[in-house]
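Before I ask anything, let me first share the structure, which is written out below as structure tokens.
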Amino acid sequence: MNQNPTPQTGHDTGDYVTVNIGPSHPAMHGTLRVVALTDGESLKKVDPEIGYLHRGVEKLGESLTYHQFIPITDRLNYCSAIPNNVSYEMAVEKLMGVEVPEKAQLIRVIMMELARIADHQVCIGILGVDLGAFTPFFYLIIQREEIYEIFEWFNGARLTNTFGRIGGVDADLPDDFEQRWEELKPNVRKANDETEKLLTHNRIWMDRTIGVSAFSAEDALNWGFTGPCLRACGVKRDLRIDEPYCMYDKFKFEVPVGKNGDVFDRYIVRMIEMEESLKIIDQAYKLYKEMPADAPLMARVPKVIKPPAGEVYSALESPNGELGFFVKSDGSAKPYRIRIRPPCFMIYQAFPELVEGELIADLVACLSSLNVIAGELDR
Amino acid sequence: MDLKKRVEQCLGPDNLVVSMIECQGDLSVEVPKRSVVDVMRLLRDTPDLGFNFLSDLFGVDNLDLNKPKKKPTKKTEEGAETEEEPEEKGPFPPRYEVVYLLLCLERNERLQVKVRVEESDMEVDTLTPVWKAANWPEREVFDMFGIRFKGHPNLKRLLMWDDFPAHPLRKDYPLEGQGEERHLIYDD
Amino acid sequence: MAIDAYNGGGWIATKLEWLINWGRKRSPWPLPYGTACCGIEMMCALAAGYDMARFGAERPSFSPRQADVLIQAGTITLKMAPAFKRIYDQMAEPRCVISMGACACSGGVFRTYSTLQGIDKLVPVDIYIPGCPPRPEALLQALLMFIEKTEKSQPITHKKHSDLLVGT
Amino acid sequence: MDDWLIAIIKVVGIWVWVLLIAVVMTWVERRGAALIQDRPGPNRAGPFGLFQPLADGIKLFTKEEIIPTNAQKLLYIMGPLLFSLPAFSAYAVVPFGDKIILGGKEIILQVSDVNVGFLYILAIGSMGVYGVILGGWGSNNKYSILGGLRSTAQMVSYEVPLGLALLGIVFVYGTFSLRDISLAQQGTFLGFLPNWGIFKQPLGFILFIVAAYAEANRVPFDLPEAESEIVSGYHTEYGSMRLGLYLFGEYVNLVTISGIIVALYFGSWHMPYIDLGAYLGPISWGIVSFCIFFLKVSFFLWMFVWVRWTLPRFRYDQVMGLGWRGLIPLALFNIFITALFIQLTV
């Protein structure tokens, strides 16, 4: 890997030209930076640099109480805040040994799957934009707004939801959820159909994505891939099935698996996952309706949360992959150490291996298909 | 056979287990620092363990835990406050620890492996030959705690800029920083 | 010069100014510098539901030379600060900076070692949008404020555009 | 004297007219994008946002002009000029209507009926790339250079199928003059098909339109300014009116290309099956033919918008592959078939 000299900005070495891509570059999603050594259009060496959105979240967590940290988790993967909240809450609940009531778990499932749809919609939309197809992005965003409306009307915020509390959720689903959901469901499907029509069987799209930055399952596991990127490589791993949490073992859904681990597979896996999420929400809502109306939403937790000293790791399947929280407590009201295991972090470090030898245009396609969210990458 | 026994069986004969703690079902094993790579290879390759996936790697600074705790002043029945004697200080445990989170994909078991790092010898063997996934997390640990990884292919700062003077996640580093400034000079 | 003769509210100067201001206010091409959460909301504002393009804020250009309005949506860290400053310096006058979101305005919840506590420490900010993140409507409101400000500017009778934007 | 006056009026008139279309075209592009993407689009500047291009123009004119410190000043300034001037010049040989008889004088609706109009178009059309490459080189920016290089490679590759496709038309109509070709497209052949280039050269038409999209740097061939890859490509460092010239030149290019497509393949000013010229007076026919021509042109202009907001972008090597491995063999095949057909039928 180190045959070529490390690229540095501003210095061109021999036959190669160093191109500094980012951090303010349309394809770099604001905060990523790639220094690429190029031979014409093809990439000889790629050196990703991160940390442009390092906000010291882990350090911040040590100075806040357990509840105060929940809003900070919103700002990790800002495309879908709810899985972040739930993952953190689950970690603290595990540390305290608290069992969350079933109804609260179902509400969490419903909201998390909605967030998954929203996240995939953004990912696919941006992938389209980066490959030059602008229109699907707009179609997807329109439907995404409707999901936001549900979030907003449930949590009070569109993006940074601060959903749930440690030990359960703070509020029940409002009465007209069913109506809203029935309105939303066909619209999401419609937007997906339109996207499929515009992209999936489009010859140019296929040329641009099939076989681009393909990755083998073995490599993917070695690099610590999780989530859709791993499944695209052909590994059937989904924490929702393998290590069920939040009653996920009660739902029937398929886990889509790709073959080559290329951009197209990642795209298709995400498309199918959206459809599966719709099914999960249907089943979860059915279970939810069977619950008595006055079933508890919160477990018995003290007002000031002081977990016993100890350390736990708890993870869930966020839209990007395994999102885990390691919480270490020293018995006080503030966590001693919070470590966030972001899925992007592990995936993005394999980026040089994914794109070296390909063209600049492929770098863009690959990066968007990995769905790297700087907020959780840099924390 | 439960995980704890299997891990003991695997690592026990070579005296590779320093201690084992279980917290809410999470098993964590502390291993000696010098043999961390061997332990990882053993854990990965032993058939009935098969921890073939490195889920995460990070550091913890135990400075505040090692401090002798101030006992809360107790009011005696007479009302007079009596300061209790500080506890007998034992030898301080090493300040830092590096935690590896392993995962067995076949059995969906998780294991935490810990290495304790003395302040006087801040060097751990790198895990990159075993799992490529250890690359950036090790750089992050270096960035945030200053723990060096011997043999790492590209050990430089990951999240902070290159000439950042401190290691922010250390407990003695204030949250709002020590007034580090970024010079806004263009770099060419 | 003829224009000087009419200085201070002369007919030619004011009408020309009106025309220039009209062009400027109706065509604020944005440079979307979305770094964090606010970037997603900015995307929503650009997209179909809210559609900033109605106000002419179309053709998001990532080249600072071509942009009129720098929308800083999201946190600027100390590591990012030089890059951000450079982007601003490369923009051509008249330029306007919209600081979108609590992080950009003041650092927000991230009062930490690595976060810049407000981009106004680096560049002059014309419009602040509070919120974490602000709703897309707030960004549209900021565009309307940009229009108001532009209407008040005097590009001919005063040389520098940015002098006027501050404090109007 | 009259001839001079008429020539000047024609030149200025068509110049203004093309300019106007290009201006409206920027509006159509934005509103069209909005229509396709389910949003209102610019609607504040004037009725339906029609004055949006005007506002953009005023803004670009009054913006600070920056010449980057490290830029090669002469090349940097020449770039946009070299890009937009050929775009205007190319329209000189494209007809915009049949003819008009004023005061017993016959005026053909074409700036100049050059008998080698084709060669003129090819020559002038390939000039535009100099604007791109000079701009890309002069800016001293790596993205710009990449954009310029991409553009050069693309232009060189697609010049060939473009020329070969045109050769098919020349075989069929036996002339290089665009006006003669337009005139020859009247009536029908085989009894039911309009005598249009598209029916005589269907393969040639497809080749031509693909090559034309590539020449115009439009999606899916917009690699020289691929936004997500190389920021804005060759005009990354351009601001103010120089950028305006680039953007504007692009639309003028589109008008020219659409005009050529209509003149060669879509029967110019002829309506299918109806010879309106026989029913109308000389003046009214002149106006009507002009309108018919520009209706057809506007359809193709709309197609450019339509395609842009529908398709993703090609990759660099795919563009080259399509050009050299796809279009050129097909174009040669087309010429061969055409020649064979003509040989057999004549």
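Labels A, B, C and D are assigned to the chains in the order they are written; within every chain, residues are numbered from 1.
Throughout what follows, contacts are C-beta pairs under 8 Å (C-beta built on N, C-alpha and C of every residue); 3 or more make two chains touch, one makes a residue touch a chain.
None of the values given here were measured: they were computed from a predicted structure.
Listed by label, the chains touching chain A and chain D alike are C. Ranked by separation of Cα centres from chain B, the top chain is D.
Set side by side, C-D and B-C show the greater C-beta contact count at C-D. Our note on geometry: chain C versus chain D, Cα centroid distance of 36 Å, whole angstroms. Averaging C-alpha coordinates per chain places the centre of chain B 45 Å away from that of chain C.
Taking the mean of the C-alpha atoms as each chain's centre, chain B and chain D sit 65 Å apart.
Chain C has its Cα centroid 31 Å from the Cα centroid of chain A. Among all residues of chain C, those that touch two or more other chains are 47-48, 62, 79, 111-114. Residue positions of chain B touching 2 or more other chains: 159-161, 168, 173, 175, 187. Within chain D, the positions touching two or more other chains are listed as 37-39, 227, 231. Taken together, the touching pairs give a contact graph of some other shape, not a line, ring, star or complete one. You'll find the chains touch as A-B, A-C, A-D, B-C, C-D. The touching residues of chain C, when paired with chain B in their complex, are 78-79, 81-82, 85-86, 111-114, 122. Chain A contributes residues 23-26, 29-31, 51-57, 59-60, 71-72, 74-75, 78-79, 122, 137-139, 141-142, 144-145, 148, 158-160, 374-375, 378 to its touches with chain C in the complex. Of all residues in chain C, only 19-20, 22-27, 47-48, 51, 53-56, 58, 61-63, 65-66, 68, 90, 92-94, 155 touch chain D in the complex they form.
Residue ranges on chain D touching chain A, taken from their complex, read 33, 36-39, 142-143, 146, 149-150, 219-220, 222, 226-231, 309-318. On chain B, the positions that touch chain A within their shared complex are 23-26, 28, 52-56, 58, 60-61, 64-65, 99, 101, 105, 108, 110, 112, 131-133, 135-137, 144, 153, 157-161, 168-169, 173, 175, 187-188.
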